[in-house]
Amino acid sequence: MKFGILINEGPFTHQASDSAYRFAEAVLARGHEIYRVFFYNDGVYNCNKLSEPQSDDRNLVALWSKLGTENGIDLVVCIAAALRRGIKDEVVAEGFRISGLGQLVEAGIEADRLVVFGD
Amino acid sequence: MKFGILINEGPFTHQASDSAYRFAEAVLARGHEIYRVFFYNDGVYNCNKLSEPQSDDRNLVALWSKLGTENGIDLVVCIAAALRRGIKDEVVAEGFRISGLGQLVEAGIEADRLVVFGD
Amino acid sequence: MEEWEESGPEVVKRFMYVNRRAPYGTIYALECLEVVLIAAAFDQDVSVVFLDDGVCQLKKNQDTTAIGMKNFSRTYGALDDYDVEKIYVEKESLEARGLTADDLVIPVEVIAADDLRDVMAQQDVVISS
Amino acid sequence: MEEWEESGPEVVKRFMYVNRRAPYGTIYALECLEVVLIAAAFDQDVSVVFLDDGVCQLKKNQDTTAIGMKNFSRTYGALDDYDVEKIYVEKESLEARGLTADDLVIPVEVIAADDLRDVMAQQDVVISS
Amino acid sequence: MNSMLHLINKSPFERTALDSCLRVAKAGSSILLIEDGVYAALKNAAHAIKISTRMEDFSFYVLGPDVAARGLGDTPLIEGITVVDYEGFVDLVAEHEVTQSWL
Amino acid sequence: MNSMLHLINKSPFERTALDSCLRVAKAGSSILLIEDGVYAALKNAAHAIKISTRMEDFSFYVLGPDVAARGLGDTPLIEGITVVDYEGFVDLVAEHEVTQSWL
């Protein structure tokens, strides 16, 4: 089964990104496919490669980046939400790409299930 | 009278930064002084100079930057909160400085009033 | 439902966008509207539902001059131009706030929770923000 | 109060840090704790109050292994080392959640809303997060 | 005893911040509704009773710019709530010794 | 009619998301409590009645990792709520045709 995931909050402030990450790992563990992870609202902050959490804390940007590149998962950051929040190409971590909102609608169409994580 | 202002949320997502900005303008209009504005939690995103809102929308980063430089207001971004969220010197707009949490406590001590804006 | 109806380029899914937040206090109302306007360009079946504080997004006479934020309430009028016609407002939420359909910027279908329940259960994709 | 008591380097203000949020769902609990630990280094009068879902921050036996987040509940034990001794937990909030003082990671003063009201009204600075 | 100003920025329909404030705030305090907190001032709303029954305990204020933004300039507010602008907000903060935000 | 899974990630003490879900969700649906939503599963809490009175209408689940994180592994949960892990969460999403998050 193909899963789509929508993340509406940034790392750390809300648990949304953590929950989505654990969920995504479990989706793969159960033998399903992840069609796309779409980052919207403050979710766009999840791709900021300048993020530097304390050494004993998890690094969500790095975790998503690794999960995406190792499993060929499409990690899409909404361009409109990113622009107003100052997330531009120069700070985008490996494995993420910036694109339009149509990619979210497409995920809704193409994936068998869409799950939203937010505040 | 000396005012301190604490902002706990980033621009756009919550009204906190907008409210604090209008409040700060009114503090000056009423003849008071602003001892310091401290940006904590997601509030650290308010200093991101890469922020590029739509042309018909307000630019909160630019507004704070201008208010701070024109009125000599101390705009302090918490270093611990900023680091985990990927806000580093290279993206900090003019007029803001990154410093420690002690600056918030100091604002509480030195200012006559401290007002918190958040979610 | 036959297998061929579930896949292929001509699949039409029922998308519902759920708004439960007041405008201005947070950006969710505005950014959800931006999604709906994009979604309208895809040939899918789009519904938009407003319940809880979401009904406040449609209140007439919004004037944001003094708060310095962009007044986007007029944009709801564009939904009709984009052929988004299924716009539901929950009756209970409207009444709890002392509002009526006359207070809203666009014509909507005011719907009781009992009926909204059925509309929601017919969707294929539900997007909340 | 005389003028000289209100200013100068030896002024001591009463600071209250108010926690109303559950841990992990949002970062506010952790980042408020970080402020309190810094605040303790200043020679001020510090109180920390937990009410509403904030009381859940102090629940014993937190185990964050499976959610991958840092378990910071042990850090509350450091408040005593930092001489932060005025720690209040609202009785009504604790009871509404079916919890008692025995469920908490540190000794606290459980205080009814009626008394918390007076403690709050004696503060000079109230910081919420 | 310091005089207190309480700030409520959350809708009473969605969050319990106002309830907590009304439970813990000392009689004689002032309460200012800002941002989505202004919905608590709606006279014809189901939640109006939360405030209308406490008019003797507290002085209630609401931020006009937030009322207007939400299109409530034409909507009846609970009698006895004073409407202020941002400068009035500053004056309230100055007049009270401590401000507490119910986030 | 599609089978639905409702996700609640907010504390019932602070937000009204669970109330709205229980008002609008169709009988026969499933409800999974995650993140701060797990506090709604506390058996001895004042809000337990919200769920305990609706056990016949819905199938209730709670995410174990979020229960453990909050130190509730030793605390009685409402009888009849099924505890699942992240893989169980995925299975629930797969078994229901639509998932709705009550943000």
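A, B, C, D, E and F label the chains in the order they appear, each numbered from 1.
Following the convention adopted for this analysis, a residue touches a chain if its C-beta (ideal position, glycine included) is under 8 Å from a C-beta of that chain, and two chains touch if they have at least 3 such contacts.
Owing to the predicted nature of the structure, the values given are computational and were not obtained by experimental measurement.
Undergrad: Return the chains shared as contacts by subunit B and subunit D, ordered by label.
TA: A, E
Undergrad: How short can a path of touching chains from subunit C to subunit F be, counted in steps?
TA: Shortest path length, in steps: 1.
Undergrad: I need the common contact partners of subunit C and subunit E, sorted by label.
TA: Output, common partners of subunit C and subunit E: B, F.
Undergrad: Over half shared or under half: which fits the residue numbers at the contact of copies subunit A and subunit B, same or different?
TA: Because over half of the interface numbers appear in both copies, subunit B and subunit A meet with the same residues.
Undergrad: How much rotation, in degrees rounded to the nearest 5, is required to superimpose subunit E onto subunit F on the basis of Cα coordinates?
TA: 180
Undergrad: So which chain is the furthest away from subunit B, centre to centre on CA atoms?
TA: Following the centroid criterion, the farthest chain would be F.
Undergrad: Once you count every C-beta pair in contact for both, which comes out on top, B-E or A-D?
TA: Greater number of contacting C-beta pairs: B-E.
Undergrad: Using C-alpha centres only, name the chain that sits farthest from subunit C.
TA: With centres defined by C-alpha atoms, farthest from subunit C sits D.
Undergrad: For subunit C and subunit D, what's the span in angstrom between their mean Cα positions?
TA: 41
Undergrad: Could you give the separation in Å between the centres of subunit B and subunit C, each centre being the mean of its C-alpha atoms?
TA: Chain centroid spacing, subunit B to subunit C, equals 34 Å.
Undergrad: Averaging only over C-alpha atoms, locate the centres of subunit A and subunit F and give their separation in whole Å.
TA: About 24 Å, centre to centre.
Undergrad: Scan subunit D for residues touching two or more other chains and write them down.
TA: Residues 20, 24-28, 52, 66-67, 69, 125-126, 128-129 of subunit D each touch two or more of the other chains.
Undergrad: In subunit E, which residues are in touch with two or more of the other chains?
TA: 9, 13-14, 16, 35-36, 65, 85-86, 98-99, 101, 103
Undergrad: Considering subunit A alone, which of its residues make contact with at least two other chains?
TA: 8, 12-13, 15, 19, 22, 41, 54, 57, 114, 116, 118
Undergrad: I'd like to see which chains touch which, written out pair by pair.
TA: A-B, A-C, A-D, A-F, B-C, B-D, B-E, C-E, C-F, D-E, D-F, E-F
Undergrad: Given the complex with subunit D, which residues does subunit E contribute to the contact?
TA: 1-2, 4, 16-17, 20, 23-26, 29, 97-103
Undergrad: Over in the complex, which subunit C residues touch subunit B? Could you list them?
TA: 24-27, 66-70
Undergrad: Touching subunit E in the complex: which residues of subunit C?
TA: Interface residues on subunit C, with respect to subunit E: 20-26, 52-53, 56, 59-67, 69, 71, 73, 95-99, 103.
Undergrad: Using the touch definition from the top, list the residues of subunit A that touch subunit F in their complex.
TA: Where subunit A meets subunit F, its residues are 1, 3, 8, 15-16, 19, 22-23, 25-27, 29-30, 32, 113-119.
Undergrad: Flag every residue of subunit F that touches subunit E in the complex, lowest number first.
TA: Touching subunit E: residues 13-16 of subunit F.
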